[in-house]
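Here's the structure we're looking at; comments come further down.
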Amino acid sequence: MEELAASLVSAAGETSGLAMARQILDRYTAMDDAAKQGLFVHLATAMNIAPNAVRDSLAAYEASPSKTTYRAFMAAAEPQRQELIRRLNQVPGATGVLVGMRADLLRLGESEPALQALDLDFRHLFASWFNRGFLVLRPITWESPAHILEKIIAYEAVHTIDSWEDLRRRLAPADRRCFAFFHPSMPDEPLIFVEVALTDGVPTSIQSVLSETRTQLAPEAANTAVFYSISNCQEGLASISFGNSLIKQVAADLSVVLPGLTTFVTLSPIPGLMTWLETAPEPDRMPVLAAQYLLEAKRPDGRPRDPVTRFHLGNGAEVYAVHANADKSAKGMAQSAGVMVSYLYDLDRVAQNHERYATGHEVIASPEVHSLAAQAETIPA
Amino acid sequence: MEELAASLVSAAGETSGLAMARQILDRYTAMDDAAKQGLFVHLATAMNIAPNAVRDSLAAYEASPSKTTYRAFMAAAEPQRQELIRRLNQVPGATGVLVGMRADLLRLGESEPALQALDLDFRHLFASWFNRGFLVLRPITWESPAHILEKIIAYEAVHTIDSWEDLRRRLAPADRRCFAFFHPSMPDEPLIFVEVALTDGVPTSIQSVLSETRTQLAPEAANTAVFYSISNCQEGLASISFGNSLIKQVAADLSVVLPGLTTFVTLSPIPGLMTWLETAPEPDRMPVLAAQYLLEAKRPDGRPRDPVTRFHLGNGAEVYAVHANADKSAKGMAQSAGVMVSYLYDLDRVAQNHERYATGHEVIASPEVHSLAAQAETIPA
Amino acid sequence: MEELAASLVSAAGETSGLAMARQILDRYTAMDDAAKQGLFVHLATAMNIAPNAVRDSLAAYEASPSKTTYRAFMAAAEPQRQELIRRLNQVPGATGVLVGMRADLLRLGESEPALQALDLDFRHLFASWFNRGFLVLRPITWESPAHILEKIIAYEAVHTIDSWEDLRRRLAPADRRCFAFFHPSMPDEPLIFVEVALTDGVPTSIQSVLSETRTQLAPEAANTAVFYSISNCQEGLASISFGNSLIKQVAADLSVVLPGLTTFVTLSPIPGLMTWLETAPEPDRMPVLAAQYLLEAKRPDGRPRDPVTRFHLGNGAEVYAVHANADKSAKGMAQSAGVMVSYLYDLDRVAQNHERYATGHEVIASPEVHSLAAQAETIPA
Amino acid sequence: MEELAASLVSAAGETSGLAMARQILDRYTAMDDAAKQGLFVHLATAMNIAPNAVRDSLAAYEASPSKTTYRAFMAAAEPQRQELIRRLNQVPGATGVLVGMRADLLRLGESEPALQALDLDFRHLFASWFNRGFLVLRPITWESPAHILEKIIAYEAVHTIDSWEDLRRRLAPADRRCFAFFHPSMPDEPLIFVEVALTDGVPTSIQSVLSETRTQLAPEAANTAVFYSISNCQEGLASISFGNSLIKQVAADLSVVLPGLTTFVTLSPIPGLMTWLETAPEPDRMPVLAAQYLLEAKRPDGRPRDPVTRFHLGNGAEVYAVHANADKSAKGMAQSAGVMVSYLYDLDRVAQNHERYATGHEVIASPEVHSLAAQAETIPA
């Protein structure tokens, strides 16, 4: 295997490497975890940068900057394993296998610095390959192929889809939508998807959104689009930032098709609330404390403590409203005593919101949520 | 413009940069050559690597290899302009504009070392984006969209297509085929295409292949597939090596669909022959001299002097046959006194041929061509 | 409604009738059964042929055959309701509504001679519209749209599909296939579909074919294609004969794709066996009696008593093998004490088989089934 | 051939006729005109209705109306050749061949009453098969397949398309559109198409519309859609009325996509003007006489003398404006001394206009055209 890998990155491998690449991928797929880890360690060490070569080529480039010296520096400064991954990708269908390979690496290499460094190479290439400009936004409907839909069921990470009937209720009605990003080389694999409810006003309970007996709304009568679930599908694409644009893109597209839509909000969980509180106080106080948590609880780096908050604020959204008793499922009660939060996507403000958040970690919120949070400070627990 | 570019590669630019990227691309498109050159110089200098930063981060990584130090080194060793190009590519349709930008750069920066270095960054990214695994092979037929076909007419670089009627003769008959590589983000732009004639035996004249009055052959009766024209379409993708696999892929696909095909050859020009000879000797000696040229004329680096020879031998093909009076067009007479050559793609041998060529620059040829060339040495001009 | 119908078939209705047609269809859809029946009676009587007009136009045509007199005869001999149905069909999507209308008519008009005659007009038009040449054969796979697949679940009439998991088992494995006829104007509605198992040898039990735990076969290793379920989907297309060609078409297509397939058989129920026998004898005698029933039990018109037998023999198939204990489901035990039958589609013989059956009602069967049946005559029950 | 035809319509032919049908169509295609005419005469005579059978079955039906007697009457009243044509149509691709067969029949049987009657049978079936509800409206653009576009060039009947460049000028600009009806069984054959110019105001010259040097208009800035050419493509579909709805459908679709469009007019030739006038008077008088011709020249049946006028008024359009010097081509000068006419499609009035025209042959025209025509009466030629 190691010889194969070396041959593939050699000069001759550039044009005749398809068979070798296929062989490597096939063997990889058949490996157990120990063998995979062995391979990763090999890539991380034997195919790493050679510091002296980097230094020498850098010196040569500085002394005499030219196409030749720059090319030599580029070659030295990039570890061979990046070229290996690119050449493996020549095989039709390889992209998905490589994404799976990174998922394995993340699982097996979590605590190993050399493997973490190797992961940065995967991540660097994937950021380039899964660039927003290469992705395709596709609606997911009840007319979508079943083999895609079964993946939606499997990948839904926020509010479990129980059955095909449950899926049908989220896709088939005219006031329900779903959109996913796909990559052309992985046409059967959604990368990330968002589920949307078109409503009259902002709903205050996820159970009302998902109810089997709710009354449908004519899409033209809706004034609000609620992003009530957003799920990443590929562990091997962790930290690749294409998710940032999904909600904004969907909001922009929907506002063209349905000009009656004026409000774009989420209905989001607050996964870290109970851990922060440690124990739940009386139910009446929960919204106040949730507002306080969302606005004031921070990580050491100054960003919000809650990962969902970081995601939406990083996209330019604002904390818009806190909803008590909004998720009565076991999971909802356990993580946030049933409290949920809506983040607002105001397309006219996301750019400047994002800027303020990115530069000063500012948590932008509505006056209502600010006053809720303010109560927490004056009224002791 | 320079400020916009700086903002786009800043931290905040990662998720909110779409509008900036669009603006940069729009402004670029409207620029004249002087302004473009100015921008390129800015990218080449202000967004270049900082040697000291590379050195320091390398030292830190060596001292303590970790995810953090490796990430810092990666960031320092890659010039910011690469990240800029990636972020520009977030805009739908940007890939084609960036390919055009590199075409401009190649045209304007030919003799400027700093711009040549900048070109290496474009090339590095494009090699990753236009990886064989991302390309789609599509047949080009008389049923293809007209706006694609007019590009085939425009891009044909070997044997000019005179008219839509001429194009029809190359696409519509059952014994004529054409295939092109496309990239999913540039669906209307062929990247490279090859024209194929299905024949009984190897043809010895391009005019017979293109004749308006030739007799058609039932595809099932053909034993030979002749690749009689191969054209790169995008100047901005110069030196990106996807062309290597086109002929082999098409040969493999055709041999499945038409199992009667046993021979896969080109009918190729010899563009450098007359320049090498300086003046044409009597016609009878031309094939002998052509064989000698193909087998023995070398560049300083030891590779064949003829660019077409380098292309096909680099793919693993062999020099198969020399044809006198094979191209009587003005261009054919001027460049090679009408002599053409067939390169053979024997799919069972291309890998080992390629290996021998890549490692020792060996020019593999049929016994017939070897004996032709041998005559040149014994019989003085 | 009756006025609208009259206007629509008037001269002016030919080109401006779209709005009227739409209105009629909308009103029809909202009607209850009594109103529908009233409308059918109106069509059957007020829009019937006028015998005197037929007679007079026929006499005029006989006296002086010309374009004019023939046209007048054609107009008189065709009831206006046919023209009405054609004009209703101008509305996009109308074809499906009209098929539903005939389903209503069959349900409501079963015992009413005038309505049975009206049904002949629908049937006459539908036979023309659903002509084999207009139908499209499409594979149904696990990649098909979910809204089509849920109809496959709903329309399966032979071996109930319990769940999406059950459906997946019938579509996703490489040794399972499904094909349906569609009409271009009803793209979301399968008309008839057949489920196929690719096997090694003829299976002798439907439970083994449908087993959750069976071992899959590589399609290339299969020598037999088993049509184990065929279902009509549209009640409104009863007696339209497109089903005749489905199995033959699928067999022909599969034999091209998988040349290893040599035997094309069904695994069919014998729905009328127990009714004919009245009570089941000891299990050992069932195959003998089933063979006798299939070969000798006749309707008054001389055709086989069993409807499934009539269908397959009418297609040119042969009675091939009788399988004891082949369907242990409650339905299978009730209708045939678990006995099933395979009909053989030998594509080289279907035309002549069909001819023999069509002209003399001959039941063609294998020697094995003939000897089984012969035992019934010598061994008394 | 005659035996084959007889077999195909026999009882056995219903389900096993595919091979026979294919054979008949293949033989037909190879026939010369004399053989075709012989076949048509056979169909017209040997497969005609049998008057006595019609009479007897009618009497039986009258005496006892039932499903059985009605079915017998239907069978007798329809000539067997209709069933023959339907069964021929089972072959994939047959529909196009049958349309060609009718074109042959129209050409060969023009003056033969029996063949004219046979044509009515074709026409009767085609009216049912090419029902508006089965047709598909598709835009024709510069992205359409070349084999479709070459048919647009060939079938353009009003203003000849000189070259692919000319075609490109009619399809590629954003202010030019083209739409065609297709039948699902003839996907490569347009049935009828219309070319549209989006303009600011009603143009008064076809040369200005087709000019190579005209200034393009942003589609959103257009207030007028001009239907400047409409061509039937299939001679074998003469008199089948689907053309009636093309312009109205296109107008309705365009007004949704481009709400700025307020006027839908044609720019039409007046093919019969010069024949009616016999000799052209001084140019100044031409518009007056054209108005008079359009409004007052009638056929014996009371409808307008000009076929283009009949077509548009039959669709519910109105005579809107007369344009002098509007078509300076040789053809335009010869048929109407350069005068053209615009018919207006006011979608709110077409239904009532059509009604008035259909019932009383009323020629609806604008006040301007009425006053033009009035001048003709007061001012002698």
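As written, the chains take the letters A, B, C and D, and residue 1 is the first residue of each chain.
Here, a residue touches a chain if its C-beta (ideal position, glycine included) is under 8 Å from a C-beta of that chain, and two chains touch if they have at least 3 such contacts.
The structure presented is a predicted model; accordingly, all values stated were derived computationally and were not measured.
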Shared chain contacts [chain A and chain C, defined touch]: none
Between chain D and chain A, distance of the C-alpha-averaged centres to the nearest whole Å: 56
Rounded Å distance between chain B and chain D, as computed from the means of their C-alpha atoms: 50
Whole-Å gap between the CA centroids of chain C and chain D: 37
Graph class of chain-chain contacts, one of line, ring, star, complete, other: ring
Complete list of chain pairs which touch one another: A-B, A-C, B-D, C-D
Residue ranges of chain A in contact with chain B within the complex: 11-12, 14-16, 18-19, 49, 51, 54-55, 58, 61-62, 65-67, 70-71, 73-74, 77-78, 86, 89-95, 113-114, 116-117, 119-120, 124-125, 127-129, 131-134, 136, 184-185, 241, 244-245, 314-316, 350-351, 354-355, 358-359
Chain D-facing residues of chain B, complex: 142-147, 149-150, 164, 168, 172
